[in-house]
Structures are given as C-alpha cells and as structure tokens.
Amino acid sequence: MPPVPADRRYAVWLSDPGFAAAEIARGIGYGAAVLDIEHGAFDLADLERFVPFLRSLGLEVLAKVLGPERGPIQQALDFGADAVVIPHVENAAHAKAVTAFAKFPPLGDRSFAGGRTTAYGGFTDEWVAEQDRRTRCLPMIEDAGALEDVAEILALDTVDGVFVGPSDLSLRRERGAYTRAEGDFADLRRVADAARAAGKPWVLPAWSRAEKEFALRHGAGQLALTMQHGALAAGLTAAFEETAALQESTAAE
Amino acid sequence: MPPVPADRRYAVWLSDPGFAAAEIARGIGYGAAVLDIEHGAFDLADLERFVPFLRSLGLEVLAKVLGPERGPIQQALDFGADAVVIPHVENAAHAKAVTAFAKFPPLGDRSFAGGRTTAYGGFTDEWVAEQDRRTRCLPMIEDAGALEDVAEILALDTVDGVFVGPSDLSLRRERGAYTRAEGDFADLRRVADAARAAGKPWVLPAWSRAEKEFALRHGAGQLALTMQHGALAAGLTAAFEETAALQESTAAE
Amino acid sequence: MPPVPADRRYAVWLSDPGFAAAEIARGIGYGAAVLDIEHGAFDLADLERFVPFLRSLGLEVLAKVLGPERGPIQQALDFGADAVVIPHVENAAHAKAVTAFAKFPPLGDRSFAGGRTTAYGGFTDEWVAEQDRRTRCLPMIEDAGALEDVAEILALDTVDGVFVGPSDLSLRRERGAYTRAEGDFADLRRVADAARAAGKPWVLPAWSRAEKEFALRHGAGQLALTMQHGALAAGLTAAFEETAALQESTAAE
Amino acid sequence: MPPVPADRRYAVWLSDPGFAAAEIARGIGYGAAVLDIEHGAFDLADLERFVPFLRSLGLEVLAKVLGPERGPIQQALDFGADAVVIPHVENAAHAKAVTAFAKFPPLGDRSFAGGRTTAYGGFTDEWVAEQDRRTRCLPMIEDAGALEDVAEILALDTVDGVFVGPSDLSLRRERGAYTRAEGDFADLRRVADAARAAGKPWVLPAWSRAEKEFALRHGAGQLALTMQHGALAAGLTAAFEETAALQESTAAE
Amino acid sequence: MPPVPADRRYAVWLSDPGFAAAEIARGIGYGAAVLDIEHGAFDLADLERFVPFLRSLGLEVLAKVLGPERGPIQQALDFGADAVVIPHVENAAHAKAVTAFAKFPPLGDRSFAGGRTTAYGGFTDEWVAEQDRRTRCLPMIEDAGALEDVAEILALDTVDGVFVGPSDLSLRRERGAYTRAEGDFADLRRVADAARAAGKPWVLPAWSRAEKEFALRHGAGQLALTMQHGALAAGLTAAFEETAALQESTAAE
Amino acid sequence: MPPVPADRRYAVWLSDPGFAAAEIARGIGYGAAVLDIEHGAFDLADLERFVPFLRSLGLEVLAKVLGPERGPIQQALDFGADAVVIPHVENAAHAKAVTAFAKFPPLGDRSFAGGRTTAYGGFTDEWVAEQDRRTRCLPMIEDAGALEDVAEILALDTVDGVFVGPSDLSLRRERGAYTRAEGDFADLRRVADAARAAGKPWVLPAWSRAEKEFALRHGAGQLALTMQHGALAAGLTAAFEETAALQESTAAE
C-alpha cells in the first residue's frame, strides 16, 4: 500500500508499542524500528503483537532487550524480531556467553519454541540453520570493557554486528554526560574501524546532525534517526511556537 | 515541577492515552488536552487513569466523547474531566436533550456516582451546584442543523460554550472535503459571532496557520494547535529529510 | 476451599475488576457482587474474564450495565452474569422496551450468541427457556417516572425484581442530594411494598446502618453492604489514625 | 511470506483479538475474518491494533459491530475495517437510518476523522468517494422485519450486501432455537434470491456441512467456515479422545 | 457445573491467558494446564488473574516459568500455581540452587508474601509446611547436563518430579531438530527409569501418537496432549478442507 | 486540591496499580507508597503510568523491585520512582554489586535513558549528580547474611538507607513463621541501631500496633502502615459484621 519505499538503513527508535507511530514512520520511508525494551514500556503481550505488525508493514525489527539474559533475548526472537540488540555486554567473555542465547545449538544455546517462527508447526535442521542465519545478534558497545574487546566480540560467530550506546559509553569511559565531543567520536571511530575489519555492520543512534553525518561517513549499517518522544516534542513545539508568535503579532495590531 | 507556565488557551489533541505525550505537551506550555474519544482508542480503564493524570499535570481535560449519549458523557465526568465535548448534535432540541446528561437535576439529568469527583465519599447540595458550575458542557457545531441553531444552543443553561468540527461541517454543509475555504471561514465567523453574543466561549481545532490566526483574531476561548499524530509525523519527517539530504551530500563528495 | 459459606443476600459493590477484592469478599462470606459497569471502569475483555471468575468463587453476579440499551445488557449476559441491573429506566413503557433485551424471543428480544453460556456449543429450546428463567433482569428505580410506575414495571414478565438507586432518586424526586431522610425512606417503602405485592425481590445499596436496617426489616432480597472504595477508605483510615495517635503518645513521653 | 494464497470467500469467525489465531488462519488459506465485536471481547485499543494487523496479513476484515449505532460503525471504519456488519437492523427504514453512518455525506452521515484511513493526513473529495466505494456496509438479516424488507434494504445505496444471522432469525421467525431445518433454509433462499436480484453479495456463517453446501450452491459471496472457539474445541477434543483410546488399549494389554 | 470429570493426568498446553480456551479444555475433560510462560505471552497482571481462574475450574496449574530464577518462580507460586516447571536447568548443582526458590526456609529459599496463598492474611509454621508439600517443583530435563544428572536431580528434597523438554534435549544432545527418533526415546526412557526409581513423577509434552503411547506405557505422571495453537490449527484446517472439497464437488456438478 | 497535608513518614503498601487506591490514601494523609512489584502484579506499561501519577498526587514512590538485578532497578528509576527497595540482598558484597545499578558511573553502574527523568531531553553532569542524590537506594534486610553485614551495607555510598523484611528475616533466621516475638524485635533493634549509627534511615512494614510503636520509638524514617489488601479486608469485614448483627437483632424481634 505505501508508495514510499522502505529504507532499512534508517530506523525509528520506539519507546512504546504504538501502532500508529509505526505506520507514520513507515509512511515516511523509515525501514527499521529499534524497540527500546530496556528502558521503555513493552509488556510481553504487547510485544507479541507489535513485532509481527512491524514486520508486516515492512519494517525490520531490532529488539533492544531488557538485559543480557536468556529470557528477554529468547522471547524477542520467539515473537519474530529480526535482530536482538543486547545491552550491557561487559567484555568478550560476557559477549560469548550471552550472545549464545540468540543462536541454536550447536552454534549457541537458544531454546526452541514452536510458534510464530515455525508457522505454528514443528521444525527441521534446515529451519534451525535458516533462523540462525536470518536473525541477527547485535551486542551493544556501551561498557568500557566491551569497547576494549570490540574486535574480539565482532569475531564471535554468534555475533552479526554491534550496536553502540554512546551515552552509557561516555559515562563509563569517564567522560561524564555525553556531549558529542572529540573523545566520543574517537570511540565511535574505533567501533567503525573494527566493524569494517570484521566485515560486519555497526549501528548508531544518531540524534544530532553531527552523529548522522559521522555514521554516514563511517559506513554505519543502520542509523536510528530520532526517538519517538523526541520527534513528538519537536512537532508539538513547532505548533506551540507558531501560535505564540501569531498571538503576539495579533495582539500587537 | 515544570517551570513553564501552562496556558489553558492552547490545547493538544490526543488520540490515545499516552502519559509521555501529555508530559511532553505540558513541558512545552500547553495547558489543555482534547481527548478524541470519539475517533481514538480510549478504553474505559485507560480513561479512568488518564484523566486524573492530565489534571495532576495541570492540563485542563476536554473529553470529546463517543457520541451524544448518556453513558459516554457521564463516564467522562465521573472520571474527572473538566469539560465534555459532545459530537454530532443535530439541532437545538437535540442539544437540549443530550447536554442535560452533563448537569445534575434539576438543571439536567446527569446520574450521580460516588467516586473520584466526591473524593470517594458522599455528596451535598453544594457539591452538586459546584460540579454543575465547574465542569463545562460543549456541544459540537459540526452538523448543518446545529449551525443553524447555534444561537439557541448557546442559550441553553446546560451549555457552557461550543466546539467546532470544521471537517464534518464542510461535508454536511455540502462543500465536500474541508479545504479551509471562504465558506468554511464564513461558518466559523457565524459561530464566533454567536458565542460573543452569548458571552460563552467557542473552541476550534486549528491545525493550519490560517485557522490559528482566525481563532486568535475572533476570540476563540481555546485552540487545539496540533494532533498528537500530526506532531509526531512532522518530527519524524524532519529527521528523515535531514538524513536523506546528508546522505546525498556525503555520497556526492 | 473457602470454609465460610457464601450468603447471597449480602453483596459487595465493585468499581473495577479486582480479582483479589473478589476473593477477599468471598472469604468473608459475601455471596454476591454488584458490578458498577455504569460508573466504574470495566472494559469488555476484563468483564469477559471477571464474570466467570466471580461465579467460580461462588459469588452471584449482578451486572449494573452501562445504560438501558441492547449492547451492554446482552454482553453482560453473554459473559455469564446471573443478573442485569438496568439503570435509568424512565417509566413502564421504557422498562418494557429495554428489559426485553434480557430475554429471548418470544418473551423478549435478546440476541443469541454461542459461547460461554452454551458451553461453546449450539443451543436448544430448553436452553432458551432455562436461560430466561435462570438469569434475572432488574430494572432500576431511580427516576421519578419509574417510581410512579413501579407496580406496572414489576408486573412485566421480562422483569424479575427491581434495584433501587437512592441517590439519583433523591435528585430526581426534587429532594436534592441524598440525605437518608424521611422522604427517601418513604420512597423505599413504596418500592418494598410494590415488590412484596408482586412477589418479586427488591435490592438496595445500603451503605449506612439506617439503610441496612431498613432493608432487612422490609424484606429486601439482597443488600449491597459497602463499596470497594468505601471499604478501602475505612481500612486505610483506621491504620492511619492508629499510627497518628501512637505517634502523639510516643512524642508526648 | 505465506505461500498459500488467501481466498477471501472463506472467512474465520473471531471472538477475540488473537494475533496468533489470525496468523494460523491466514497460513491455512482463509482470506477474511469476521470480528464478532457484538458478542465477543474486543476493546477499542485492541481493535485499533487488530484491524490493521489482519489487513497486513492479507485478510479482509468484516467488523460485526456492537449495535446499529453511529459510534461502533464509525470506529470500525476509522480503525481500517474493510466492511461493517450491522446487527439487529429491524426493517428498511431502520436500515436506511443506520447504514448511513457507514458512508460520508452527501451519500450518508459518517463522521470524518483524520488518522489511519487518511495515512494520518488530511482528506480530499476523491478520498471521500474512494472510502465510500472501497469500504462495504452489510446490514444483518436476523430480524423478521429485515427479512420482509430484504429487497428494499438491498436497494439502498448505502448498502453493499447483506449478512445473515440464522440463529436470531430462527428465534424471531418463531421457529425457536436454530435447527438448520426446512424453514431456516427457506429463509436463506429468500435472502440469496434477493441478493442475486440486487446484484449484491450475501454472506453466511456456515458451521455445518449443510450450511456450507447451501451457501456454495446459492452463490454466497463469503462464508464464515468456523468459529475460533469451535475450531479450538474440535482440536482439543481430537487430542483428548486419541489419548483416552490409547490409554484404554494400553491398559488392556 | 461441568458434568465431565477432570482428569489431571491430561494437560492442555496454553500459550496465552485465554479464559475461553481454559473453559473449553475443562469441558472436554482436561484436568491440568501447562502455562508456557517461558515462550508465550503471559504478563504479570494476566497471570495473577488466570491462575486462580484455572484452579477454580478444577484445572491443576503447571507454570512453566520464564527462567531458572527467583523472580519468575516465586511469582507463579504467589499467584497460586500448583506447580512450577523450571526450564534450562543445567545440572544437579544448578537444580539444587534454583529449585530452592520454590520451597521456604529451612528447606529452600522461597520468599514469603501475604496474599492469595494466605487468604490475604498472615502465616504460620503449619502453613509453611503445607505450602512446601502442596506445591510441586518440577525442574526440566532439556539440557544434556540435566539428563546426565537426572537421578541426582530427582533425589533433591526440593524436587517433586521432572518435566521433559524433548525439542531442546534433541538439539542439546547433538541430534539436531527433534524427529521423535530412536535416540529421543532412549533419552525419555532414561528419564522414566530414573523417575520410577526415585518414586517421583515425570511429565511429557506428547503431541504425537508415538509420544502419547510412550508416555502412557512408561508411567508418565502427566502428559500435555496438545498445544492451544496446534489444536486451533487442526480445527481451522478441518473446516477449510471440508469447504474446499465441497466447493470442488459443487463446481463439478 | 487535597486539603490534608501528605506525611511522607506514613506509607501505604500497594499490590497493584490502583489509581483510586492511591487517591484515597493521599486524601487521608498518607505521603508515600511502597509498590510491591516483587510479589504484586505490576506490568511495565502500568508501572510507567502509575509512578508519575503517584508523584503528581504528592506521594513519594518506593519501588520494591522484582529482584536484585539491573533491569528492574533501572526501570523503576527510569519511570520516575523516588526510591528503589531491593529485595533479597544476601550480604555486603552482594549489596555493593546490586546497589550499583541505582547510581550512575562513576559512583555506580546505572544505565542512562533519556525520557521522563530528563524531561524527554538530553542530560548533563549536573543532572547525573542530582539524580544520584535525589533518588534513594534501599537494600532490604531480610536475609540472615544481610543482617550480619547491616553496618557494612549502610556504609556503602550507593546505599541511602535500609528496608526491613520481617517475615523473610524470621524464616531465614530460623525462627519459622513471623510471630512478632522477642527475637524479631531484637533483629529490628539491630537494624535501627546500625541505621542511627550510619546516619541513614531505616524503613519498616508495620502492620500491627506493636510494630508501629516499635518503629516510632526507634526512629524509623518511614513506616508502611497497612497493605491495600489488608485495609480492604478490614473495611469489608466491618460492613459484613454490622449487617450480620443487625440481621440477628432484627430477626430476634
């Protein structure tokens, strides 16, 4: 139905399961959605419904799960997410342990569940291979230890790329609150270089123009362009300011 | 907590019970919220929670109810709405019948319920008088018959003002889809004049600059400045276009 | 499991679908629950779950529906309610029209739905007769016109008893806010007499000792003893006052 | 994704907004879904999500709304339903009044709402014409008066076909509970003949083999083949009986 | 009310909190329900309501919790589950640690909460003993290490039986996707033998005839006979195929 | 609006997100609410709404989270809780590890999320410092090891006070079910002494008069006076007993 093609490089960052927000984003041309399950308000029954809806709209679903644990990783994949983004990976050893939950044995340790992903039927060895190949596992680089080990993490065969968390990285690299400064971009460059060397993509939440430009220039596989809340605030502010200005000019007449 | 004062003349138009959307709007300076219960997705349990939350933020709550019937009018007031906006009022007789559900006997025919509005206790004659005075009843002017009878409707003692629905009015006044044309503003002027004559406010959803300006110049009591979905679309579009332009200029280097 | 027998004369008045509240009430000995769907927050999916749960606890379910209309009456019965309580019945003619929605043709005009009430299967003439007999239809006496016509209403074969709404009755009988005064009890007596004459039960929400006593003495079939919110307020107040007194005496030492 | 083509003649009858049930039905080849909003448990927020999901799966959505009233008809169409099925239409005059809520002026009296159906933007005269043409309005033939007037109802330009309710029709045509008897099929034939004469489709819930055969032979436009609950019961029974038989034969060894 | 006795050996496998599904299963004769909280969509508020409802229907509740952790185990028991089924137990040491969350000190390390299980009152030493005895703890045998240690696990006094996960076991025993082959049944036999030796029950999800037969012959304490989704798919397929065949034969005439 | 001042020393203990319960408590004078997320039924979307509502009423929010883990601690703070109460802290080392999730680096290891706490915008070093200072972290003293280490726990700079769990403490200190006996008060005294020595508050759930008195005399910073369910049970019981007595005396006449 939507005439605008979906560009999967450009993702919208969602904090709740808003069906209308997803339709609006898809109508503009966004081709992916990052679900901030970690900090947002996604209950299980909502997630179970939202993930297939997003996919049916033609949006790739990146589920940033609650934590580096089996349960949340497994559920996002059971519900049909295209990728799991795993926060607070501490280092290569931790990455090895937790990314395993995203891939089936013998590659990893994901648990099997018949349901949406098997079209509500049984499974075969081919299906197992296809799931492991098709769904992506993206550990986050937001802890100092993960940045140190980024090459080693990218080398894991349970890892399909990395996703940067610049705010937490700034705090944990002892630069305090994130200011998009020199040091921040140096860290991002390190991730970008490691990703290119590994031949795997890296993903960046890029709210500012500077971050967007950096991501584009350094070959980020995907960018989250704006948060649902940030976009709403921008739109509400514009309408408010237009009216306040009109009010002033009208009153001045 | 919010340092920005709330200006109750400026309303945000909400299509679902988004707590974050309300906080964002209030943070910008909006002082009222129109809940589009008629066309949106407000279930009862959500409404029962959302109305007091909006009020606690300092937002005046205008509940545009499901229809010109006892149930929806009564529930919105039970849950604590400051005003009920009643759609599809057909003419003065209809207005007299349905606006009665918003005021207690002997003035009208609202049903009493002990709960939020009585601080979960009983009630007195003073409370009845105070509720009838404090909560406002705003029939909509969106049917041709209601426009004809606007003065009579405004004269009813169960009516505290009117709320215009320009899209439905255009369709029902045989102008087809709403184009913000001459005829539309002529109708709005008629409402504004009647309201001024009656000494009661009129309210306008004013998405465009032209409507905002008209409302300000013609003494509208309140304006809905933008829809939640429209504001979100504007914000998402801006981020998308900024990135697309950057992508092009980057690729061109 | 509960060792205390359920006394169906004593009902608890619920304003939301609280499973724990129902279990607590049943554990004390309450044998019926009035669901205030009219003024409370009962969405459909919640109601569909709450009604069979109440029944499984051994509580009789009296659904005070949203309004005197087909939809709400029919849904409460579809979901398994034992009785529908119909608010704002205006007079005998109105009662005849709206109580029909609670009984199948040829007695009335209820719509058939295969589901919970048919054990998820088809239906027979015997089932129709049994449903009409087993489920009760209780129009409310809370409008002046309904009180005038109470005998005629009780005579309808679609009516199994009446349910009084004393607050609205006081307002509509021009006594203002309900004060449990002479005039109020005179009206109640009129209802009680008519019910006894018709050989059908009457039901009273009886928050105060005076109302409880009146209901017991005048043969009410069932009494709602307290509202969920009122009971909670009483319990919270007791704990607060005990502590405040202790605080004072402790500080005084 | 689903390799099986969707056949829109074959509908599944859903009683709750089960996303998995819809996926399963679509995977089998069902091409339409009847939502029994009248007797089922569809809250607004669920409906707002379920309708677009069904459509994204390639299922045509027939919303059997709560009642013959403006609110429920309008909301189903606002949320994106392909068709509204209107229960308890009493006769041609009633049909004329209530089917008007499904079409915009000047054809009918539907209320406009910017949202999903307008891709979250404004509207034009072309859009109005396209909505009126694309969404279908199907009054139910389940009251004796509606059957009498079926030709007149089908002749209305706000009506795109009819939907039969055989259980209620049997009760209201004084045949008692529906037994799929001679008289029932005679009524269905009357509807089928009128539909063919009018050149508009008729739709039948056809649980039994006899009804399915009748519908196919008499050119029904669409059939609802089974209820979600009936299908579940059939599947659960089969597994139970297989096990019980095994248990017996095992014990007998 | 249900005339069919409930046979607790036969369980239905539920993937969401469907009240109707539970009633249907109970009506057929199922006497237990396995809630697949691990892979399904059970939010807390739903679970809090669904568990007591299932029990009130006479169904034994086996809660297969989200993971081998304190929180999910404790909540299922707080809400009134009869048994907790603990997935992904890795070996005997792990079993000892995590099954402790299902029993109170000094036996284990379950946390106390006044609520449903204490009839909303306080507790005594007798209640503690009775809870530990009445509620069952069933670690899953689905990891290779757990199968190795099955006898040791069954010997734990915090363990009341075991529950097999054949699909994950096949993957983790390096047989790839589960095909109900020789090796699979050899593993099941090992579990059955260990359970018999320990005098504690074992439970099997037994979708196929072969598994059902195996379970019955090898003395499984309980069997899950079919999944909610599988049963629904079977029922929907049957109706679809019947119609397609009729359509063909009708068309051929 | 509420004329009664809120006394933050007196907390109500809530087991579900009841907006009316909160309003009632606030109206009485309660100034804080303990949310029993650990044993209650608080889903994420409900919590995201309930926390800001409680704060807007003027209630301090103490979120007793699901467990001593990053996810639940972080979410409660993201949603705006004033304090996190962390159950099942085992000893000082454990306390050091898990209380870190409540404070940002370099003090701890909390993860940053732009949203409610940042007014939906970015963050600064000042904001980080202010959040760490303003939100409180209260590990629970309910394990024997935690009681042993109470002084050491109170000395941690990520700890702002302690919260006692007397029932679990009794079970884990080998006194069996909690009976408010000598040994119990001895443990409480130990906590109170340590807190006074550390200059940090301690908090007690104090259902009985004895506990309330103890807490007041020993300088507890806050007391939870009653559980929502306990208060409701008290109120429902009073109404039931009043009626039963009246019934008896009436019958005896």
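Observations, loosely collected:
Order as written gives the chain letters A, B, C, D, E and F; numbering starts at 1 within each chain.
Methods note: a contact is a pair of C-beta atoms (placed from the backbone, for glycine too) under 8 Å apart; a residue touches a chain by one contact, two chains touch by 3 or more.
Per UniProt, the chains are A, B, C, D, E, F = 4-hydroxy-2-oxoheptanedioate aldolase.
None of these values were measured; they are calculated from a predicted model.
Contacts with chain A and chain F are shared by B, E.
Chains that touch both chain C and chain D are the following: B, E. Should one ask which of D-E and C-E has more C-beta pairs in contact, the pair is D-E.
Two copies of one sequence, chain E and chain F, touch each other mainly through non-matching residues, since under half of the numbers at the interface are common to both. Note: centroid distance chain B to chain D, computed from Cα atoms, is 34 Å. One finds 51 Å separating the Cα centroids of chain D and chain F. Residues of chain E in contact with two or more other chains: 15-16, 20, 24, 27, 43, 48, 69, 115, 120, 229-230, 233. Inter-chain contacts, as defined above, occur between A-B, A-D, A-E, A-F, B-C, B-D, B-F, C-D, C-E, C-F, D-E, E-F. Residues 19-20, 23-24, 27, 48-49, 52-53, 56-57, 115-116, 119-120 of chain E are the ones touching chain C in the complex. By the touch rule above, chain B contacts chain A in their complex via residues 10, 12, 15-16, 18, 20-21, 24-25, 27-30, 209, 212-213, 216-217, 223, 225-226, 228-240, 242-244, 246-247, 250.
Within the complex, the chain A residues that touch chain E are 43-45, 47-48, 69-71, 74-75, 78-79, 104-106, 109, 111-115, 120-125, 127-128. Note for the complex: chain C touches chain B at residues 15-16, 36, 38-39, 41-43, 46, 66-67, 69, 72, 87-88, 142, 167-168, 171-172, 174, 176-178, 227, 229-230, 233.
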